[in-house]
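Below are structures written as structure tokens.
One chain, chain A, appears in both complexes that follow, with chain B as partner in the first and chain C in the second.
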Partner chain A sequence: MSDKTAAMVSRSEASLLAGWSARGIPLAQIALLALTAAALVVLPFVVTGYVLYIANLLLVFVVLCLGLHLVIGETGQFALAHAAFYGIGIYTSGLAGNAFGWPFPLSMLLAGLIAGAVGVVIGAVALRMRDIYLALATFAFGEAMQWVFLNWDQVTGGPNGLRISPARLGAFEILSDRQAYPVVVVMALLMLLLTIMISRSRLGRAFRAVRESEVAAMAMGVPVRRAKITSFGLSAFYAGVAGSMFATFSTYIHPDSLGFQTTILVLTMVVVGGLGSIAGAVGGAIVFGLISEILRQTPSYQEIIYGLILIVFMMYAPRGLFAFIRDKTGRAARG
Partner chain B sequence: MTLEVALLFLQQGIASGLIVGSVYALLALAIVVIFKTSEVPNFSQGEMVMAAGYIALYLLVFRNLPLWIVMPATILAAFAGAALFRRLILNQVARANGSPVNLVIATLGLSYVLRGFVRQTGFGDTPRSFPPVIEPESIMIGQASVTTLDLVILATAVVVMAAFFWMFKYTKIGRAMRAVGMNPKAAQLVGVDLTRIHMIVWGLSGAISAIAALLISPKVLMTADMGSIVTLGFAAAIVGGFTSLPGAVVGGFLIGIIENLVGLFITSRAIVLAPFLAIMLVLVIRPQGLFGGRVEIKKV
Partner chain C sequence: MADHLLQVQDLTVKFGGLTAVNRFDIAVQRGTIHALIGPNGAGKSTTFNCISRFYQPTTGTILLDGVDVTNMPASNMARLGVARTFQNLELFGELTVFENVMIGAHVHAGQTWRDALSARPAEVVEHVEHLLERTGLSAYRHARARNLDFGHQKLLELARALAIRPRLLLLDEPAAGLRNREIAALDALLTDLCRREGITILLVEHVMQLVMAISDRVTVLNFGTKIAEGTPEDVRNDPAVIEAYLGQEMAHA
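Right, the complex of A and B next:
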């Protein structure tokens, strides 16, 4: 990551995270970002393939979280079908590679666009009514999509799952997590940049206006319904891209991993990290992705711990882990 | 398909639909009563049903208690559990940050805790069925075949719903609930204790869930994941308009019938899609639901 990018990230972070003063912080943040960038570059040379697999997976979760952040954190709309769009992305890019041998950048774009298009259609229907209908309609849509993945045997392989052939670009084939890692890192950074750009644009301001007050946003001339549909469609696009990232390093997908649990896992990451902050979404994805990987062998404990974390955070740290730590360490400035 | 078969299927579909529909109606009622008073769609409703089912199973099978103790004990436990969740947890969530979204996330948290807990006890490892209250005997109504157990389920559900409506309409506590649903601040001004009403509403919702669990568990295999049945309750609530109690009941019966007709006329594999299609259809054609009132714009 170049210094210019780093500076951009830090500035936007400063403006995004309420309570962070613009002065004083950037230096520490630039240092942190430089460190992260160095770690990302050095990582593949020092760790085993398994660790790189985890790193790839965490980066996929980062992109999933960024998408959910846009719709829940920025726009304040409660959507519960993230796993469905993620699945659409995985199957789209998997099938584009399997059946047509498409180069992976193209199938990634296709995965994002198809997921985004489905998102726009669902959003256009579900956003006609009270906020809560989006949650319910997307919940039902998620269940329905999982059913489609399970029963559309000819295309998805149904309950047998789908073998994903290696992602390719010309003669280059991705056969290992190590080879996939640079692609996944670059994609995650691109999506992070896109999020920051959206957040700082007119569109991002419209999203936040809708979140704060629909009536006030309307009065300011923000097309509220269009903003909501755009935000939901974008979040579906992110989930689709995340799915195609997963398809570059994974060889197999089963519909069981594309249900409501996955949606809730991503929701937990975004909420625990801190609703409404990009840093929170990224941090939540990494912290929670690790917890979930550690607890993978014991699903019952995993469920109890997720549940307790959600409840306790809502009770005592509703603005998320990072805001909580900041408040406790007394670094919060009036903002 | 001949006309005769179609007629037979129609009768059977409606009869079976009314029976499962009565349970969906109870679930929808439990969801809507909470939503009406606190604007929270309770995503842990399904797990409340599941947990109540396992409490009953535990008392009956592992403690060998007679049915006349198990049933009231289960309903009481569900009432207390739900009321306490509202009092101890949701009150604190509301205090920390008043946004309804946070309450919704807390209910999602509860659903996970309950499911993980039941999985951890191991009772859920082997799918079980709850022993039926009475031995099911087959009866024919028209050309539809139902069992005596089915009729008991339908009758109990209808009685519970009637009692609930009577309470909601004619008792002082029911009036207080309606007042809170219309305008919590005004209700508080005229002396309604919000905390207490919220506790009672959640308790009642838990009790209704427990009754639904007792009714449905002889007919389905119980697993830790059986809470997903609540999807149908949500679909019923949406069809009915989400804030209307009579709408929830009608929606429940409708969803039950649609589900059975889809299963009989199209394919049983498509049953899972029925609630989603019903929700989408309602959102497209009549987004406020069958009984939903005027759309209100959220206040600034």
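Right, the complex of A and C next:
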């Protein structure tokens, strides 16, 4: 690139930045976004394959958390079947690749759509209930799905697990975490963008109205049941896409990792990050994903430490890690 | 012939063995303020909840502008131009004042998926700003609804209902718990909404000061049955009403 074009680019970037800050997005946030973007781009060139595997896994968790954020954080419906939809996504895209050799973008879409469709059907039944009954009904569905994964041998490989053949697009095959990383990053960013759009839209407002008061939402013309089912279906779609993202860099899946613990792990991430905030869901996924990876070395303490973290957060930072930090730093800044 | 926006015919509501409302009729004329009053437990709120479609009547017919809405789901009423407030506030507590009113404009924010995903149609935002201005809530737009004081919460419910752009505004005890100064402001606002914008208002109310000042017509319920109907003056002087209801009030007045 010649000096002249570089100067032009930087000038247009500067005016873009000025436009953003004029629209009320503070420069600090733009700087943070730029840093994050740079880090995401540079990462694969400076770290080992293992670190990239962790990065991929964290990004899958980010998408899982965004999905759970929609149904629990925005719509206030305590659904506990996220691991089931995640599993449907993994098996769908794995099988589409294994059996039919589908290109991965197509199997990703299929994974999201099938998980979403199952979500709509289950939601239509389960969302007649609320609170603890909804939690129990969706929990039961999650357990039933794990049983299906474990016993439908011909399709899922049952207790032997399923070998996932490398994701492909034409002649290109994803054979390593490093090759999968760009795909996973782009998908995570797309899903994040979609979440922000939904949250700011009329649909997002309808979700929050349902969370805050169902009768008032109804009086405002929000079709409450349809809003709940839409939210649940979307959250299942997210989990399905997360599953297909996992399938791009993973070679194997076993039903053991698709049980209630996984749902609880994602729930913990969303709660620890801060219920009802997108930044909380993303941050919770990253922070808690790292913690859970570190604790993998000491499986016997893992559960105890999860429990402790949850209790501490409920007691001292019920609105989540990020609201807590914001409150503290805000107070410090004000003196 | 009178031009009725709302007609309720032969409405009966039974909860188990209890008859809350018994063969009740009411016709609300377009562009007027109509009050529904009566002692506690007379069936006012039950009637009100039937009209806004939150309760299903045992028998009877509800006509909105001549169209039978007796079996309409509650969430369809906003689209038909019927807005309501709640006796015990039902705000979206964790959301901001602005967002509360934006949700009121839900049915005007578009129908298609593209509309559903567009953040804030300019025309809707403009109307919301206008309503906040009008109810004196502009300064609080970023406050969470649950942090407002009671009087402002009542006004916010009204602003949110107005965002529906209603033909018929159903107000369940709008003056309850307000101070005298606030009631006077409400009085002026409701009169203005009706006279200048032609919004038809049906209100359930205990605060006689408001009812007598603004109502064109008053219907009195007692034990689920209509006992009187007429202008505030007629009702005030009706012996049955004085005995059943106003008697207690007047004696103390």
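Assume the second predicted complex is superposed on the first by the 304 of 335 C-alpha atoms of A that agree within 3 Å, B and C clash if a C-alpha of one lies under 4 Å from a C-alpha of the other, contacts with A are read in each partner's own complex, and residues count from 1 in each chain.
One rule holds for everything that comes next: contacts are C-beta pairs under 8 Å (C-beta built on N, C-alpha and C of every residue); 3 or more make two chains touch, one makes a residue touch a chain.
None of the values given here were measured: they were computed from a predicted structure.
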- request: Could you classify chain B and chain C on chain A, in the superposed arrangement, as clash or fit?
  value: fit
- request: Using the touch definition from the top, say if A:172 reaches chain B (first), chain C (second), both or neither.
  value: neither
Field: Most chain A residues touched (candidates chain B, chain C)
entry: B
Query: First (chain B), second (chain C), both or neither: which does A:152 touch?
result: neither
Message: By the touch definition at the top of the document, which applies to A:141: first (chain B), second (chain C), both, or neither?
response: first
- prompt: Counting only touches as set out at the top, which of chain B and chain C does A:213 meet: first, second, both, neither?
  reply: both
Message: According to the stated criteria, A:271 is in contact with first (chain B), second (chain C), both, or neither; which is it?
response: first
Task: Return first, second, both or neither, reflecting whether A:252 touches chain B, chain C, both chains, or no partner chain.
output: neither
- line: The superposition places the nearest Cα atoms of chain B and chain C at a distance, in Å, of 5
Task: Go through chain A and flag every residue that touches chain B in one model and chain C in the other.
output: 213, 215-216
Message: Taking the touch rule as given, give the residues of chain B at its contact with chain A in the complex, in rising order.
response: 35, 39, 41, 89, 92-93, 96-97, 99, 101-106, 108-117, 119-120, 228, 231, 234-235, 238, 242, 269, 272-273, 275-277, 279-280, 283-284, 287-288, 295, 297-300
Message: For a test of understanding, state which residues of chain A touch chain B in their complex under the given definition.
response: 72, 76, 78, 125-126, 128-133, 135-137, 139-141, 143-144, 147, 151, 213-216, 264, 267, 271, 299-311, 314-319
- line: Listed in rising order, the residues of chain A that touch chain C in the complex are 197-198, 200-203, 205-206, 208-209, 212-213, 215-224, 276
Message: Which residues of chain C touch chain A once you look at their complex with the stated criterion?
response: 52, 54, 73-79, 83-84, 86, 90-95, 99, 102-104, 106-107, 109-110, 115-120, 160-161, 164
